[in-house]
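Some notes on the structure that comes next.
Here the chain labels run A, B, C and D in written order, and each chain numbers its own residues starting at 1.
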Amino acid sequence: MKLSQSLPGLQLKNPVMPASGCFAFGKEFAQFYDLSELGAVIMKAATGEKRFGNGTPRVAETARGMLNAIGLQNPGVDAIIEEEIPFLSTFDTSIIANVAGSTVEEYVEVAAKISAHVHALELNISCPNVKEGGVQFGTDPMLAEEVTAQVVEASEVPVYVKLSPNVTNIVDMAKAVEKGGAAGLSMINTLTGMRIDPKTRKPIIANQTGGLSGAAIKPVAIRMIHQVYQEVNLPIIGMGGVETADDVIEFLLAGASAVAIGSANFKNPLICKEIIDELPRALETYGFTSIEEVIGGAHDEKARAGIFRA
Amino acid sequence: MKLSQSLPGLQLKNPVMPASGCFAFGKEFAQFYDLSELGAVIMKAATGEKRFGNGTPRVAETARGMLNAIGLQNPGVDAIIEEEIPFLSTFDTSIIANVAGSTVEEYVEVAAKISAHVHALELNISCPNVKEGGVQFGTDPMLAEEVTAQVVEASEVPVYVKLSPNVTNIVDMAKAVEKGGAAGLSMINTLTGMRIDPKTRKPIIANQTGGLSGAAIKPVAIRMIHQVYQEVNLPIIGMGGVETADDVIEFLLAGASAVAIGSANFKNPLICKEIIDELPRALETYGFTSIEEVIGGAHDEKARAGIFRA
Amino acid sequence: MKREWMTILEHQTIARDTYRLVLQGDIVRDITEPGQFVHIQVGSGTYLRRPVSISDFDFEKKTMTLLYKVMGKGTEDLTRKSVGESLDVLGPGGRGFPVDQVDDDHVLLIGGGIGVPPLYNLAKQLKAKGIQITTLLGFQSADDAFLLDEFEELGEVFVSTNDGTLGRKGFVTDWISEVKATVDRYFTCGPTVMLKAVSEQLADLPGYISMEERMGCGIGACFACVVPSHDEKGYRRICCDGPVFEAKEVVLA
Amino acid sequence: MKREWMTILEHQTIARDTYRLVLQGDIVRDITEPGQFVHIQVGSGTYLRRPVSISDFDFEKKTMTLLYKVMGKGTEDLTRKSVGESLDVLGPGGRGFPVDQVDDDHVLLIGGGIGVPPLYNLAKQLKAKGIQITTLLGFQSADDAFLLDEFEELGEVFVSTNDGTLGRKGFVTDWISEVKATVDRYFTCGPTVMLKAVSEQLADLPGYISMEERMGCGIGACFACVVPSHDEKGYRRICCDGPVFEAKEVVLA
């Protein structure tokens, strides 16, 4: 079965890629399998300067999920361009840079620098784990539109905007970034959560709150993608709890054109490859004959699934 | 250890009660244990007229949780007063009526009728599963304040307002209902979610979306309670994924004064009683000497936990 | 109704993806009618309990037999439970076939696939009352068939399979016109489409149908499992008002 | 580094809430240094893997010994795994004690509680190189103690317990002043407070410390397990740059 597909900036040989922050810049996973097997790679967030991130503990386990508050630790955009992208570029796969920042200027600076070296940007306006800036961009449609527009302007490649699920109205956010010129959407980032340890009487995560990811949040991701697909005419990279080939199909039926896999890489470093290998058989089991047929397949106005959504 | 506590309208012999919609009006659970053991009982939602609710399937399983879209099926406020409350009143426990509606008038009507027969109201402005009204009241602070004020006016007993987690800013909602005259808060209701069946290519729930509950959402509940406790001076009934005595302690540490248990009643109909029985030992294990010491114990400004928060 | 950790006495496969599970415990003593069910917590990999009909039971030995087919995660996980282990069971749930009230001469039992099990103990009890039984059993294929010999001991049996590998090729309902003339009442369990076809074809006979719906609590408290009814109340809960209903009581979608 | 389903060869309790687990598989062949760890997926009841140090290993038999203490859900679930079952293991992870580079005459090993295990194979390798070993072991109580005989075969051992039920009453660090004069280097593993106390008391000696932190990936990709470092890079990842560091490399909180 043909799994390949074109999305803005991306020639995906299959609809599966690792999610930002869960795969660093690929090196660690390259010892487990050939990264050329991946549809694409979404790199860890890049900021203007290097960031150390939050205190530890930075992760906590939850029911079928986890909390993290890494705090966007990264070596800074210049070091990523010099030291990380050259390695990833040796593989036959698309590279997406996750762009973060505290100010519009920082977002624009990172985008301008890194976009020459990758196939697309994922604009991260939804990181719940940094105090300054990030949160408002991801929850206020006007700010989201503004930062999107400026990054799109600065970028040489298509911009996918990564939406936060911590909002009352996800469709408003999606429409705002569509207006801002986004080429696609990436959803969802983590739900803000907390765990408290009865032994210490304190939040487990040093940052107090963290982002909830994993199977636990999948129903929220599916709901939001299903909602947005009906209202916004942009391709969606779906994520949030993908652990199996069936999950990939569920995301595509909801309206995603591709999926990213995050936390599940920690449970099984081979998960992306294993799901890619299983996908054709799973699609056949459910009687699908092409990837296009699956995308948006859960919507009544099925006809839409056929049209090119970019 | 003394587990008892006074909250507005409620003399709780312990901080554990079944959550609305998961316990009907108690009859089914009365065959498993004596309902007088409960801190309180929160009844299923009451509306002005009887409602049939949504089509089936109404539930779906998710990772450590479930979706439901019952659609507020209930016999109507008059039938509840005549046929259900008399049975519950035979037990030595506080009764909380969950008040729902599609219009402010309906909320007021139900509150006015039912408040004479119960110890407190839980104003349900957060049901994600009915098309009309419900959702906006739970996501717009101005509407929430308004309906709260009118219901408080109409009610003979204290009103706890049940907040929806499907909002960008939970503190704004809590402050709005505090202004409206709420005597307490109840949080959280379910997160809106969806599951799609790859076999049928359709959402499993007939209503398409449903409310996500269970252990999966506990980190979101804990985070929101922790946030609201710092900003709003009202007692909180906490809920969302309570399954063990340790979970109860986690909710109290975050800032809840009591907890409600929902979906876990379906896994084990004896869960409320079992947790009540275990609680003293669990509190001792962690070195607590009173319930008051636990409430809000995860906050730095620990002193606040001592003051009366009603 | 109780929650009990019942002991697994037997567990083996009896047809394709279909298992026989014998459980022992006090819950058996509370069974009042054939067609009741138990609500099983399979393990920590599933959240909700799974409803399974009681196919047969023995008061003396405190045992009950369940027959189940693997349909998804819960039933899949159930296959891995071994003899000697205990299982978290809630039951017996709901109302079954009101066998005490039946005093016909000849009744028709119609079972489709994994709807066959609850009819078995019913058949035994009807037979014990001296009532003549004719049974129609439908399966996908010969590999899926079970309980044939058991029903044959109790009366005449007609089998159909979708692919014709056993009995007549076609649907279980294809037999109805041939046997309906002689029977006074029918009892049926199977997929909803089959229940609907059966109740339409036998609209002039009194009948009982056993229904399925996704359940939350399984004890009547959550209103997940409702089916519309023809009366003023407007609904029935399958888990406690059913799963067995008079055919005319409920509205089949 | 591999992901492998390793076979459980032995599994028994050796002290209060403390277990010895022997696993067999190819991962053993990839071990390069004592002090490396494996990252274990205990089962579906836990989400994240659990890091456990390799206490000893045998290249020939492809076996490794883990010693773990029950601290919560994951280790609790682990106790229920039986001999013959297989376990989802990722490893070997990280960098251990650089035993090849050590050519001292006399070294000091300091282990606290469940930090003792990774020192055992280290001790064996040092001894094989002809290096004299003195070991300080600290436990809560006599009931929690383990590996005493094993370390005694390799050198002099001083034990302390918090409650004085075995050895000297007090902390493992109480012994340090008495033994430090004769040693050239130290190796330590235990709770962070102990590591800090040890490295301060032995600030004038070169030493290696093995650290713990909550992990996500366990392979260096998620940055969950960082510890601040003194150099320009500013941090180390415990799972891949460590868990063993030169004492002066990292900043102990």
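Just so it is clear, a residue touches a chain if its C-beta (ideal position, glycine included) is under 8 Å from a C-beta of that chain, and two chains touch if they have at least 3 such contacts.
Quick caveat: nothing in here was measured; it's all calculated off a predicted structure.
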| item | value |
| --- | --- |
| Smallest count of steps, each to a touching chain, taking chain B to chain D | 2 |
| Most extensive contact between chains (C-beta pair count) | A-B |
| Reference chain A; chain at largest CA-centroid distance | C |
| Distance from chain B to chain A - Cα centre to Cα centre, in angstrom | 33 |
| Distance between chain centroids, defined by C-alpha means - chain C, chain D (Å) | 57 |
| Cα-centroid distance, chain B relative to chain C, in whole angstrom | 36 |
| Distance from the mean Cα position of chain C to that of chain A, given in whole angstrom | 46 |
| Touching two or more other chains - residues of chain C | none |
| Touching two or more other chains - residue numbers and ranges from chain B | 62-65, 214 |
| Chain contact graph, described as a line, ring, star, complete graph or other shape | ring |
| Set of all touching chain pairs, with the criterion as stated earlier | A-B, A-D, B-C, C-D |
| Residues of chain B defined as touching chain A within the complex | 62-65, 67, 139, 166-169, 191-196, 198-199, 201-203, 208-209, 212, 214-220, 222-223, 226, 241, 246, 249-250, 253-254, 282, 286, 297-298 |
| Of chain A, residues touching chain D in the complex | 21-24, 27-29, 31-32, 44, 50, 52-53, 56-66, 68, 70, 73, 214, 263, 265-270 |
| For the chain D and chain A complex, residues of the former touching the latter | 1, 3, 41, 46-49, 90, 213-228, 234-235, 240 |
| Touching residues on chain D, where the partner in the complex is chain C | 44-45 |
